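Letters A, B, C and D name the chains as they come in the text, with residue numbers starting at 1 for each one.
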Amino acid sequence: MQLEKKPIEDIQARKDYRNISIDRVGVCDLKIPLNIKGCETDSGKGQSVQASLSLSVNLGPDQKGIHMSRLLETALDFNGSFSLENMASFLTALRDRQNSEDSDVKIEFDYFFNRHAPVSGKISPQPYKCAYNGQMHSDGILLTQSVVVPVKTLCPCSKEISDYGAHNQRSKVFISVNHEKKKEHQAIDICLEEIIEIAERGGSSPLYPLLKREDERHVTMSAYNKPCFVEDVVRNIASDLQENPNFDSYELRVLNYESIHSHNAFATIGKRSPTT
Amino acid sequence: MQLEKKPIEDIQARKDYRNISIDRVGVCDLKIPLNIKGCETDSGKGQSVQASLSLSVNLGPDQKGIHMSRLLETALDFNGSFSLENMASFLTALRDRQNSEDSDVKIEFDYFFNRHAPVSGKISPQPYKCAYNGQMHSDGILLTQSVVVPVKTLCPCSKEISDYGAHNQRSKVFISVNHEKKKEHQAIDICLEEIIEIAERGGSSPLYPLLKREDERHVTMSAYNKPCFVEDVVRNIASDLQENPNFDSYELRVLNYESIHSHNAFATIGKRSPTT
Amino acid sequence: MQLEKKPIEDIQARKDYRNISIDRVGVCDLKIPLNIKGCETDSGKGQSVQASLSLSVNLGPDQKGIHMSRLLETALDFNGSFSLENMASFLTALRDRQNSEDSDVKIEFDYFFNRHAPVSGKISPQPYKCAYNGQMHSDGILLTQSVVVPVKTLCPCSKEISDYGAHNQRSKVFISVNHEKKKEHQAIDICLEEIIEIAERGGSSPLYPLLKREDERHVTMSAYNKPCFVEDVVRNIASDLQENPNFDSYELRVLNYESIHSHNAFATIGKRSPTT
Amino acid sequence: MQLEKKPIEDIQARKDYRNISIDRVGVCDLKIPLNIKGCETDSGKGQSVQASLSLSVNLGPDQKGIHMSRLLETALDFNGSFSLENMASFLTALRDRQNSEDSDVKIEFDYFFNRHAPVSGKISPQPYKCAYNGQMHSDGILLTQSVVVPVKTLCPCSKEISDYGAHNQRSKVFISVNHEKKKEHQAIDICLEEIIEIAERGGSSPLYPLLKREDERHVTMSAYNKPCFVEDVVRNIASDLQENPNFDSYELRVLNYESIHSHNAFATIGKRSPTT
């Protein structure tokens, strides 16, 4: 079988006559092992993660297609080491290899931070779904850090109207913070762990992988002492973010897996800028 | 373009020489609108559901393939009306159109039962994931009814060790009950709603779509008065099923979406027969 | 046990002092059985679906919480019958029962349209994930119809560079069309099935639940005769939508489940208005 | 607030009077970072993965509950390094800390193996979903290795009946191989990569993350030259496994994401032993 002899034309480089530009073309759900730095401001050496990537560029109205395999080659050239600080050079490399004007990268990964049980002090690693997004346009680069933080919420209404007890549940906080018009190697002044801690302060209690009996007592009573509606969580976190000068804007969503219903409750705040 | 003229051979009917029989071949994730009866014992006319079907047969060692499109045709011939009572004739039709010995049907669907809020009496429809499975072998038919029932669980340890409050959460109960060697049109003496009610009695409290303030007070305090470990839920339900003469065996799994952890807790009882 | 006697205060109506408004608060993942009209312009009586609802309103800076149970009561009052034509009155009812300015409804459901196999003419029901979204603001109502349409795509590059064959795969088209500042009972001039047919024309071939051998021959050869990159699909559909005067703007995403990779390819066009 | 002073009873150790034993109780969906060895037989140092664990034991009829936090402590004591060789000591530790007879561990993780593009030789890492399962009973230990391998399948019927082209798609192969009554530190004579390669030989073509144009030509034509029904894939792989003396039994499932339908096709072979 002769499989390799035919001269091979570059179909993607052909001209397209429909005169329709495309905002983003690329690959997604591309899993690769990476080293990620969760905190730019610390001296840490990062963490081995198994990331899912979305890599794309814009396509002008007169070219038939992009060269998908070059997106992967560009990612593999970076040799598995990513941070917000080298995002700009990655975006530039992606864009230049396609002769595009814009490029867009989303890196989603689980990041583990150690949590100390509140009484016993026992340490266990808690995973957080995180994402870095970089978008390069003619007028600069937009960087976004996103985290999903599970917390406990205890219902203020249930507590108030009942002689004892209060329904509570697992909730999820989704926070994105945006940094506009960043330059290459420019430091980001907030790290994933700081954003996570803002989220954890916003609910009735943080979650922990490992809790001994004295810790469970503490978490139970602490949550009872700090009841939060889904509206309260979103406001607690927004209050904290409003005072934070280390990013340009934020977006916020809280989801309660209600323990008295099989549907969920939510609250969202769209793109908003800190007041400082 | 002449697309339709070639004489078309039946490739699937060719002989296979590898001498390997296949236990199940067919289609799955096939969505169709159906009318399903959730209760064979009532006089009800069933419910319009959007079901996902798995339809398969065995394949002997010397035939290359089955005729997949006939599986769909058989399902469409039944005209969208399914119950446990006509499962046997459906299994027979599937098997006979493939010249197979065995056939296997799984129908998964959401079924809604009305729930009455415990104090206000307000009515709202609650969805339950359900499944009917039928397996036809040379020695008879095995029918299985499965339900997934969300309940509330309140932790007995958290209640006992804390001065006030107790962590609680949404949990899911997975129950399957099996009916062995059933014949066509033979009635099944337990319906989906009865199994669901057994599950709901097993936790700290049922869930309800619609609760007014006085109902929320009731659910909160009722759950606090009936704390259940995941082990307790599985045992409460098993106790109930053990006394039930209306099926041949059952399987049971309970999953707690722990509100103090981001991981889950579970307990399972494998295939077990009632003691009656 | 005396569970029902305590006088019950309206906690949600209390004043909040953090001065933070919330864009959306409500419930989501609420499943209810509905009758949905997929085509406003036809005389059809709609379809029984099992929908998932998101219902929310805005919350001003000085009120502690909304009354979640009223969202459900409002939905249940509509008695299970929804269309784009009565969306405005539903949005008004939601908003007024919370004393809010804005309200937002998303209804997601599977809708079945019959597909005729291209040669045999055999009819089978194909499910499409659809959504209706309504957003009420002070300056009017925005209605959005969304569909997810599976199609087949065959790679033009693979066809061109190979002596025979071409890789092809299942793809998904996501289209949303927006209707701005609609009034109550104002007709929508495009129906779900029309949008689905625009999507199906954009790929190498539509999909069908039931295909006999002569149909499979037709689909295979038709797709080979109409190769499409992910870029081509997005442009084919955008060309069609650009000429369509029956909505105000559209958004478009195509996803290819590449059969030569375990990652996916995609192309998107953000909010764009027709040129007519 | 004085949260820590109450003397704390061991509720779980209380007696239960329902006389119902539980087959498995424990935690699941527990994510931790691990070092995993994919090949016991090579000299490799393993791979950093982000695993999801299920850890459970049986519970006798007269004890109220297990001590969930000890399951985590046992996992954390192993310090993040797992292989099939130390599974026995992990199972023993889990069982002994709960005074149980049985223990059960499931570790699910993505493992990356490098793939060489067939013509250009370009190297890229491909992820495979893998799992190790260990079950300790009074009569010994059962170890299971599982992999999910994406492959390409090209339909023999579509090829045969069409003048040109053939529909093809992404498929998934699920293989488990079982090792019965293993002892601690006893070597396993087959590694994940060997099982993956058996799966990849069974379809029309393997998948690759990175393919240049000459590779795409090769994959397209190779797949066209090796058409496979879902039945053929399951038989190709079973033939290979039947001759393999390095495990005691296997289970097999193949799923085709049909590119001409929106439903899927599947074939399964239940637990079967090699003939050697």
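Just so it is clear, a contact is a pair of C-beta atoms (placed from the backbone, for glycine too) under 8 Å apart; a residue touches a chain by one contact, two chains touch by 3 or more.
None of these values were measured; they are calculated from a predicted model.
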Pair joined by more contacting C-beta pairs (B-C or C-D): C-D
Farthest chain (mean CA position) relative to chain C: D
Where chain B and chain D are represented by their mean Cα positions, the distance between them in whole Å: 25
Distance from chain D to chain C - Cα centre to Cα centre, in angstrom: 36
Between chain B and chain C, centroid-to-centroid distance (C-alpha), Å: 28
Shared interface positions of chain A, touching two or more other chains: 6, 8, 30-31, 127, 157, 161-163, 209, 211, 213, 217, 221, 261-263
Contacting residues of chain C [partner chain A, same complex]: 6, 8-9, 11-12, 16, 18, 20, 22-31, 54, 56, 59, 64-66, 68, 156-157, 160-163, 229-232, 234-235, 238-239, 242, 255, 261-270
Chain B residues touching chain C - in the complex, by the definition given at the top: 1, 3-4, 6, 8, 10, 30-33, 47-50, 69, 72-73, 76, 110, 112, 119, 122, 124-125, 127, 209-214, 217-218, 221-222, 225
Interface residues, chain C side, partner chain D - complex: 126-127, 150, 152, 154-155, 157-158, 161-170, 205, 207-209, 211, 213, 216-217, 219-221, 223-224, 257-263
